[in-house]
Amino acid sequence: MAQIKLTNVQKAYGPVEVLKNINLELESGDFTVFVGPSGCGKSTLLRMIAGLESITAGTLEINGMVMNDVPPAQRGIAMVFQSYALYPHMTVAENMAFALKIAKKKPAEIDEAIQHAGEILQLSHLLERLPKELSGGQRQRVAIGRAIVRNPSVFLFDEPLSNLDAALRVQTRLEIANLHDSLSASMIYVTHDQVEAMTLASKIVLLNAGEAVQKEGSIAQVGPPLELYHNPATRFVAGFIGSPKMNFIAGEILEATAQQATIQLCNGSKVHAAVDATSAAKGAKIELGIRPEHLHSGESEGDDVLGKVSYVERLGEVSYLYLHVEGHDGLVTARNDGDSPFNPGDSVSLQVPVGKCHLFDSNGKAFPRLAR
Amino acid sequence: MADIAGQKARLTWAINISVVALVLLWTIPTFGLLVSSFRDADQIANSGWWQALFAAEKNVIFRSAPGDAQIQDASGYKITGNLFDGSDGSVLAFGVSSKAPTEYLPGETGEMTRNRQMTVESNGDYVISSPEPIKSRRGIRIFATIQEPPKFTLDNYEKVLFSEGVGRSFLNTFTVTIPATIIPILVAAFAAYALAWMNFPGRALLIAAVVGLLVVPLQMALIPLLKLHNEIGIGKDYLGIWLAHTGFGLPLAIYLLRNYIAGLPREIIESARVDGATDFDIFRRIILPLSFPALASFAIFQFLWVWNDLLVATVFLGNNEEQLVMTGRLRELLGSRGGDWEILAASAFVSIVVPLFVFFSMQRYLVRGLLAGSVKGG
Amino acid sequence: MRGGIVMNQILLAFSTIIIGVFGCVAYFYFSNLLLDRAYPAKGPNAGRNINRANAIRPWLFLGPAIAILSLYLVYPVVNSVWLSFHDASAEKFVGFDNYIWMIKDAKFQESMLNNLMWLIVVPGASTFFGLIAAQLTDNIRWGNLAKSLIFMPMAISFIGASVIWKFIYDYRGEASAEIGLLNALVEMFGGTPEAWITLDFWNNFFLMIVLIWIQTGFAMVILSAALRGIPEETIEAAILDGASPLEIFLKIKVPQIWGTIAVVWTTITITVLKVFDIVLAMTNGQWGSQVLANLMFDWMFRGADSGRASTIALVIMLLVTPIMVWNIRNARKEMR
């Protein structure tokens, strides 16, 4: 049985529908990450699970109980806020004790819970400090500690790393991953950063924004991180997951068989893709999706696309070439060696590996890829 | 800003001098009265307070010792004594009649009627001699222009505190001020929390109403409320004025506190809610402790306003010893002792010393309250 | 005996504080408890109960405040309107008689004219001096001390300030030495001492000085905060553009704080409309220095005429109304 189940959940502010058609089942022990562009409502969805926002329509079940009208404190959840939301006039220990005191727990029990959380998070020596006397990373840990002492069945995180600097962010990310392993509790985590999503999640929920919500509902795709990377359901998912972004080049289908599809691109070159596009008519307008890391500029292996280097970004370990391709608006990105021999103005022949291609129809839907 | 290259020293000087001038203009009036409150009553009436440190010159009529004190010797009868009775001072001139009060210089001998003679030395020693026995019960008049050294005294304060009723008024003012400061705070804090963090229909309208009530002139409220208080039997009583000040202070209290409480981070309040706190818990354990600066600002405002108020006190309290407050007493003294500056100055300072102390010790909160309290412009 | 009365008074004050504070706390605590009991957030109807409790709770929190505000501020406004159509003892309906009397009354006309002068001079002068003081003190090392001293009159009661200034304006007559600073200065520069506050027409300005003296500190504090809130970059850009300090002040700083200047101006305007203590203490409206608030007070106490007094109070209310509307509009804009 799913631990958290959302059925046809919807959120509207007056006539504005923010979240639509949300059907989700999250299993016990899952590390679920809600990710999506800004304004997609991922924080709102989290706050609806927490009980901080009302649910306009649909049902929310936690551990088999309908929770739509249950106050936050009785949902068995704990939340870590973006700004940590530590009570500034209470010490670390008092911050962690607050919820337990409200629940009228015994002092000995409270003490034990605080000591335990302090040890897990290495906060034991800071218990008597006020929040303003702590560093950003320490505050973050107190916020997590405050969640731990409540021993919830689900942890909710609302962009918890966005206030930390880059180095601390990586470290805390690892700590949260460790915590998930050691507590074996369910966690729901909201972020706009796809790296956090990819590294932490056992299950990613990618949300649509803007017009797509009305057409397809709020959820773009649900699945393990690599599933979203390898088999994006739509052009939007393909573009959102992966960095630098996937290249999309317009073309049309010349021939589609059960084994592969043959496509003519906008610059006239012909490429083959291991995609089942038999559902599309011959001559249908499609887009070819190919990730920069899969565009090689080496010995010819498959089909070539000719491009002219516009500029080169050298990051040391790798270089990225930005190329003009005839008939294509914008630039095509391709990964190259760290000491790439190419310079602006050079003509490069790019190989498009048959097995790495994605095809999307004019509505943005992906054609099924074939295993090779 | 101070580090910019090429700034002219002359400009800095001009600014400093201007500020000195402004500060002097703004402090001298108070300072003058402060100095006067410590001066001797006679000296206040005869010389400006700026001359307080210099010796004062004045014309005085003394009386010699009475006739009983005369002694008889070979040349006749004599009365001796000292004009200053041991205190400091010097005689610049003297006279024997009101027609010529400065006729003689010290050490000279003045001729009087009935062959009497008078000599006054500059240190105040005088000798009046007469061939006949002197029959004078009240003593003989001596006209003198004297120079007195500066006299500073606490007598004025002693007098106003204990015999002019100012001491009692001081106590009455405290009786009015403390409850009238504390009671509105709690009422306002709960309302402010509701207006800041609870959702209910009509909230925006209520906030607008509070902003509107901020500027309602007190004059509107006086007559209807006095009638009302009289009807329910609390007219001219402390209970009435406490309620009145609570009512009049409430819009500012709600406005200040709502602005502050609405500025607290939303996530802290949500976090408390997730932790299981009810609205009452949140208010008591999160909002109240965190709002201390705003509460202090309002408390200072209300304290100063109630302490300094004359209008409400005149209307809602009586004019008797048990109820007259400092401002009312000061107004009364202005009427009855209009020219007695030693009384007025000392009374005025007794009345402003408490607000000045509050002002200087808690200026930080006062400024913060002012900044939050003035409705921000577009 | 006397000591006993004083003790009683202190006890009364303290018990009021305790009863007041505990009463408030008890009210809020028990009313909330009652609400939670009536609509428990548990059981089969938990959801509906929570919604109901949440709909009621704000009104519990707001109850006392709304009750006091209605009784002490809203009701009087309505009642004053009613009173203004009734005679001196509020018994007989007299229609517009009070209004007609008021318009024809010479003292009322004088008060309106004087109030108008106060409105023109005091807010402008206070804001002007406050702006100058704010700008100058922000640029010097002992600025905070200077600010404190200029701000100090804020803490002094109007009546205390009146005593202070009456002493400055004191007039002793020709025979004796002048002990009022103003007359001493006039004498020093060869002028003739005057009884300034009895001087027809001009005495108004001597009274206004008292209020300007008090309000300048307020203006300075607010404007100084506004000046410091101006983005430093705009000033640095102006310095690079070669603007002189005066030009920076007039053309860069002042235009950026217009909003605050307007707020200071209107706040002082409201104080001016309500000015009462100063006139009462200095002249009591004699020698052509009457103002509306003091006239109203006169009719309330000496005249014992609630009809006329209320009519005058309504005029003050009417004069405040445009500012009230402006404030409400600004507050609403800000909340959005």
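We call the chains A, B and C, going by the order they appear; numbering starts again at 1 in every chain.
What we mean here is this: a contact is a pair of C-beta atoms (placed from the backbone, for glycine too) under 8 Å apart; a residue touches a chain by one contact, two chains touch by 3 or more.
Remember, it's a predicted structure, so these values are computed and weren't measured experimentally.
Should one ask which of A-C and B-C has more C-beta pairs in contact, the pair is B-C.
Ranking all chains by how far their C-alpha centres lie from the centre of chain A, first place goes to B. One simple way to say how far apart two chains are is to compare their mean CA positions; for chain A and chain B this gives 69 Å. Separation between the centroids of chain A and chain C, computed from CA atoms only, is 57 Å. With centres set at the average Cα position, the gap from chain B to chain C is 20 Å. The set of chain B residues touching two or more other chains is empty.
For chain A, the set of residues touching two or more other chains reads 71, 74.
Chain B contributes residues 1, 4, 11-12, 15-16, 18-19, 22-23, 26-30, 32-33, 36, 44-50, 168, 171-172, 174-175, 178-179, 182-183, 186-188, 190-191, 193-195, 198-200, 203-204, 206-225, 227-228, 238-239, 242-244, 246-248, 250-251, 254, 278-280, 283, 304, 307-311, 314-315, 322, 326-327, 330-331, 334, 341, 344-345, 347-348, 351-352, 355-356, 358-360, 363, 366-367, 370-371, 374-378 to its touches with chain C in the complex.
Of all the residues in chain A, the ones that touch chain C in their complex are 68-71, 74. Those residues of chain A that touch chain B in the shared complex are 47, 50-52, 71-74, 77-79, 81-89, 98-99, 102-103, 146, 150. Contact residues on chain C toward chain A in their complex (touch as defined above): 41, 46-48, 50-51. For chain C in complex with chain B, the residues that touch the partner chain are 5-6, 9-10, 12-13, 16-17, 20-21, 24-25, 28-29, 32, 36, 54-55, 57-59, 61-62, 64-66, 68-69, 71-77, 79-80, 83, 90, 129, 132-133, 136-137, 139-140, 143, 146, 148-160, 162-168, 170, 176-181, 184, 213, 216-218, 221-222, 225, 232, 235, 239, 245, 258-264, 267, 270, 273-274, 276-277, 280-281, 293, 296-297, 300-301, 306, 309-310, 312-314, 316-317, 320, 323-324, 327-328, 330-335.
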